[in-house]
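For clarity, chains are labelled A, B, C and D in written order, and residue numbers in each chain start from 1.
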Amino acid sequence: MFKVGIVGDGYTAADLLRLLAGHDEVDPVMIFSTENIGKRIDEVYPHLTGFYDLKCQASDWELMKKECDAVFLALPHGLSVPIAMELLPAGVRCIDLGADFRLKDAGLYERYYEITHAAPQMLEEAVYGLPEIYREKICKSRLVANPGCYPTGAILPLVPLLEAGVLESQGIIVDSKSGVSGAGKTPKTSSHFCEVNEGIRAYGVGTHRHGPEIAQELSLAARQKVEMLFTPHLVPMNRGILTTIYTRLRSGVDPARVRTILENKYREEYFVRVLPEGVMPYTKWVYGSNLLDIGIHYDEASGRVILVSALDNLVKGASGQAIQNLNLMLGLEENKGLKALGIYP
Amino acid sequence: MFKVGIVGDGYTAADLLRLLAGHDEVDPVMIFSTENIGKRIDEVYPHLTGFYDLKCQASDWELMKKECDAVFLALPHGLSVPIAMELLPAGVRCIDLGADFRLKDAGLYERYYEITHAAPQMLEEAVYGLPEIYREKICKSRLVANPGCYPTGAILPLVPLLEAGVLESQGIIVDSKSGVSGAGKTPKTSSHFCEVNEGIRAYGVGTHRHGPEIAQELSLAARQKVEMLFTPHLVPMNRGILTTIYTRLRSGVDPARVRTILENKYREEYFVRVLPEGVMPYTKWVYGSNLLDIGIHYDEASGRVILVSALDNLVKGASGQAIQNLNLMLGLEENKGLKALGIYP
Amino acid sequence: MFKVGIVGDGYTAADLLRLLAGHDEVDPVMIFSTENIGKRIDEVYPHLTGFYDLKCQASDWELMKKECDAVFLALPHGLSVPIAMELLPAGVRCIDLGADFRLKDAGLYERYYEITHAAPQMLEEAVYGLPEIYREKICKSRLVANPGCYPTGAILPLVPLLEAGVLESQGIIVDSKSGVSGAGKTPKTSSHFCEVNEGIRAYGVGTHRHGPEIAQELSLAARQKVEMLFTPHLVPMNRGILTTIYTRLRSGVDPARVRTILENKYREEYFVRVLPEGVMPYTKWVYGSNLLDIGIHYDEASGRVILVSALDNLVKGASGQAIQNLNLMLGLEENKGLKALGIYP
Amino acid sequence: MFKVGIVGDGYTAADLLRLLAGHDEVDPVMIFSTENIGKRIDEVYPHLTGFYDLKCQASDWELMKKECDAVFLALPHGLSVPIAMELLPAGVRCIDLGADFRLKDAGLYERYYEITHAAPQMLEEAVYGLPEIYREKICKSRLVANPGCYPTGAILPLVPLLEAGVLESQGIIVDSKSGVSGAGKTPKTSSHFCEVNEGIRAYGVGTHRHGPEIAQELSLAARQKVEMLFTPHLVPMNRGILTTIYTRLRSGVDPARVRTILENKYREEYFVRVLPEGVMPYTKWVYGSNLLDIGIHYDEASGRVILVSALDNLVKGASGQAIQNLNLMLGLEENKGLKALGIYP
């Protein structure tokens, strides 16, 4: 039985606990909090009642180093760097669900997150935690940067096609629609029920922090700078991200190759499903699960390939993917604790 | 053209402005705020764009006394008393959308609202602003206590029946289900989208502040202390309160009298609709309107009368009723600015 | 590995398949349909993609008798009786998720369901499938009547208290609020998105079919006819039933006994959680799980006990409870395939 | 007082009646139905209770010709052509809320709607009913093709810019997100509450019928064939369409011209609001109103102009725009009956 710790008590921490309750080789033994110190975790999250005998406690790195094989850092950006610096030398594997280790370019991080990166030298070591792309590196890693929710939905459909060179690398449009849990647990006007319910809006147009993260991974795949525009929207639902991606097929490429490439890439993957011709993904089909679905449409008139993906932003977009990474880092079966289907309807 | 002011900038203030934009004899000329001083009202509430040229300003009672014929106090409890004390002597009519003047018993106010009432002597003058019950008093009043949203839905169906003596005055159950806007605009965990959406819960069981308000009006109607239990629930929707009321018919009373009494009482009322036999109210039928619908079911086996009412908590439950009161106080047609139907679907 | 069949392809069938995908001792080997014959199950329910290699097929009772150890009947009322008559003699255990075997009184069935019961002699054999109440009988049974969703939420909190004689058996009010999936998969005006979203209504006031089912079980527990009024409401959410129950404590009974009785009854139960003093259930805490939560409030002024329960109508209210019954009938661990927590938020 | 008739009793008919209840120069005197013949309109739509004394009746064209000055045809495509042919010669103005007169190219109509157009010669006479673009023609017209809901949201932001020649006419992406009422009142799986709630999906990818309608109007504005890709999505809300439009600025054009052109075009329009720099539209700000909001973002890195629009699909996207057209055709003030603001929150 591996012992893990969780730093933070927001929604991603809660979903780690929900999922780990069904994981028989990993045991969450401590959770560090700032606002709920001393409270039982089922007082903070009553849906966990009966499944954990854990109290939120103040951070105690010595204890964590002594007790934990691995740690999930579920924190706002900027806070994970010093913690990882503390834990890694003691042999504690770190999975950061925040943004501190995702961008390889510290300058870009500082521009978008508006703070100085405290340890840019760690960025090279950190592995971008998309198992379907970087599995081997993750297995050998002790520091994983768990991807953002939007990037996961944009990168998995695009990377195999950019690697294969069948798409134009310029003029890619990524139009994403997310449920509200991605905005976190802290009450804000923008996540107030009445402000969100019965409406849809775009936000962060042209400025959202997940833009450069997506561009980084697409450019790595294309081996050239990809020009991409990312626009997120907020949808009145708890969970789910639908991403509609508009691309152009490279001149002379057989459109049928798009499907072949994606099906070949993901056939053996437990968590990625390429849907049949004519079927487009639906966030409800993956609700609560670690699955990501991909649909493909080729528009002959315009030569455009439309890719659509669906995932649960708290699972494949955060906590589920983090556990998938943990399983790889610990040498466990990759889908341990993650086998549940989507809840439908 | 009468000039009115609004003190406060929460949801009830916003709905006052929405409704008054269609009122051709009343003009909102100033709005006092604490958090948004200096901002245009359409910056705070962009849905008002193009309809008002108003800025939120700091409170200025001298200006208000000079300019306004009447004022809406849309404030948390405790704040309205000193303002009303300031404005009334200057001849400015006050309609308090908060709780400061609803309970006739200052001791009860202090028990439930946990503050001392600053001017208990004003409670006698204040008229409880349910026009269908207290119309004549309201017309002559300069200080109106606009009823709570839940009480409006409980009192209008019950009062005529308790006045007529056809119901037992003991053992009344009021089970209410409200949309989230009743909890106001300030972000809180309990109104966070993800905490509310896809769930229903009871809250304030046995302790909600609207309990004594309902009991006061029912007891006045019954001319004896009514024993009543009130339980509110939070429903994942923006607007609307459905109230399911369980009562017992007095022994020997013809059940048909229930419908007759309610139909006679409300036949001439513009805003109260007694629905036909077999039709039960639905909050969607009154969405955004100042209407209140009542349905009646007699359960022969148990001798129980089930009354169900529906209203929009921000309109008939707050701002619409406040304008209805204003119209009466100013001698205008009672339904001015309030003629819109519910938006369906 | 036990083999099971499913007759019907509505939402309860879908949730049986979702849950059984995580059950390692039971394998769904066939599903009978009328509308989707020949379609792959993941064409009908794409969220199942990758988890089943099953096609919907026309009913074939001989095949079912040969292949299946047990069968779930997920059908409209009236259709299960002849099927059970066919399968039981061949040794196939039957769990009926419909209403055909719930009421012990065939006359009552005929009054409420408006058809003649085709085999009233089977009603005595059929066990009412509430494991927390009838576990021993279920273990020995071959025909289980899986309870209705509303009855499960009303019966589990009340039965221990009525058995103990601490509550008045007259004047019980059961006010329930349900998500829409309880109305099934067939499109109807009453389940059209726009007709349901942003509204709440009562329906079936005084006439709902779950009324006599609740009364039957309460009366058995109280060993006298219980007088109970049941009113269901439709809430704009997919899953979940909240039940608010108003009762009176018997004169002279110590109110503390209510909590003691319920905690003693359910302490060892995996699926029933009696929440601590001051905490009231929330449907979101059990979303997608087989759990049922109970909260207790004693109102001193009126001598009333308010009980509130929450469950997922498709799981503890239908398919999860059916699998719980199956596990008991097959001698398996009762919580096999049912260990998942609620998905929150 | 002008007299109007309504043919059809779906959601657009209901919203015509809601809005016309506040119109003091137009009176709906008859409504033709097929499914609800003989029922009072407030039995079909109880939210109208107290506002109309109308019964749904079987079609009677002679009566309509005798009584009505104008008629709204709120019907599925294909049904309006013969009715318009019957009514127009009798001097009855027709506003078709369906698709029969929108496309100028009968061949295109037949390809997308899969029926032969019964009177292609009428297509030239019919005026496309977007008052902000075709006001003068509408004033003189007797046959108006009320635009589709999606096209209204795409055309109004784009047409002035294409007319001015500041945008590339190729590679325009229109990504739209709609509430469910656009799918009509008839119960279908795709509008079943549980199938829609808590999810978002794309549909009709590359094949939706509003695609050619948008392309027609954009091409007319650009005076050349515009290449445009339209993808609609279904959002779990009743009303509202948000349209995110991706375009490229023509080389050498000053980006500031985009805002100037749109502000100049719409400054005097009652129903179109160009939002200030940095503010993006939100469907909730126009909920229930005839308003359409436009937001503008220029992305310097890619040279792209992102336009976002928001409208209520049943009002500016259907019934409100139809009344706006009626007002113009009858020589009334254009905003009669349409002055209400959006309901927020």
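Heads up, the rule we're going with is that contacts are C-beta pairs under 8 Å (C-beta built on N, C-alpha and C of every residue); 3 or more make two chains touch, one makes a residue touch a chain.
Here the structure is a predicted model, which is why all the values come from computation and not from measurement.
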| item | value |
| --- | --- |
| Interface residue overlap between copies subunit C and subunit D, same or different (over half shared) | same |
| Pair of chains joined by more contacts [C-beta pairs], B-C or A-B | B-C |
| Centroid comparison with subunit D (C-alpha atoms), farthest chain | C |
| Computed distance of Cα centres, subunit C from subunit B, in Å | 39 |
| Centroid spacing, where centroids are CA-atom means, of subunit A and subunit B in whole angstrom | 45 |
| Touching two or more other chains - residue numbers and ranges from subunit A | 11, 181, 194-195, 197-198, 236-239, 282, 284, 287, 345 |
| Footprint of subunit D on subunit B - complex, ascending | 11, 14, 18, 21-22, 45-51, 181, 197-198, 238-239, 273, 275, 279, 282, 284-288, 293, 339-345 |
| Complex contacts: residues of subunit B adjacent to subunit C | 171, 173, 175, 177, 194-195, 197-203, 205-206, 227, 229, 231, 233, 235-240, 242, 244, 246, 280-284, 287, 295, 297, 299, 301-302, 304, 306, 308, 310, 345 |
| Subunit B residues within the subunit A interface of the complex | 11, 180-181, 185, 187-189, 191-198, 236-238 |
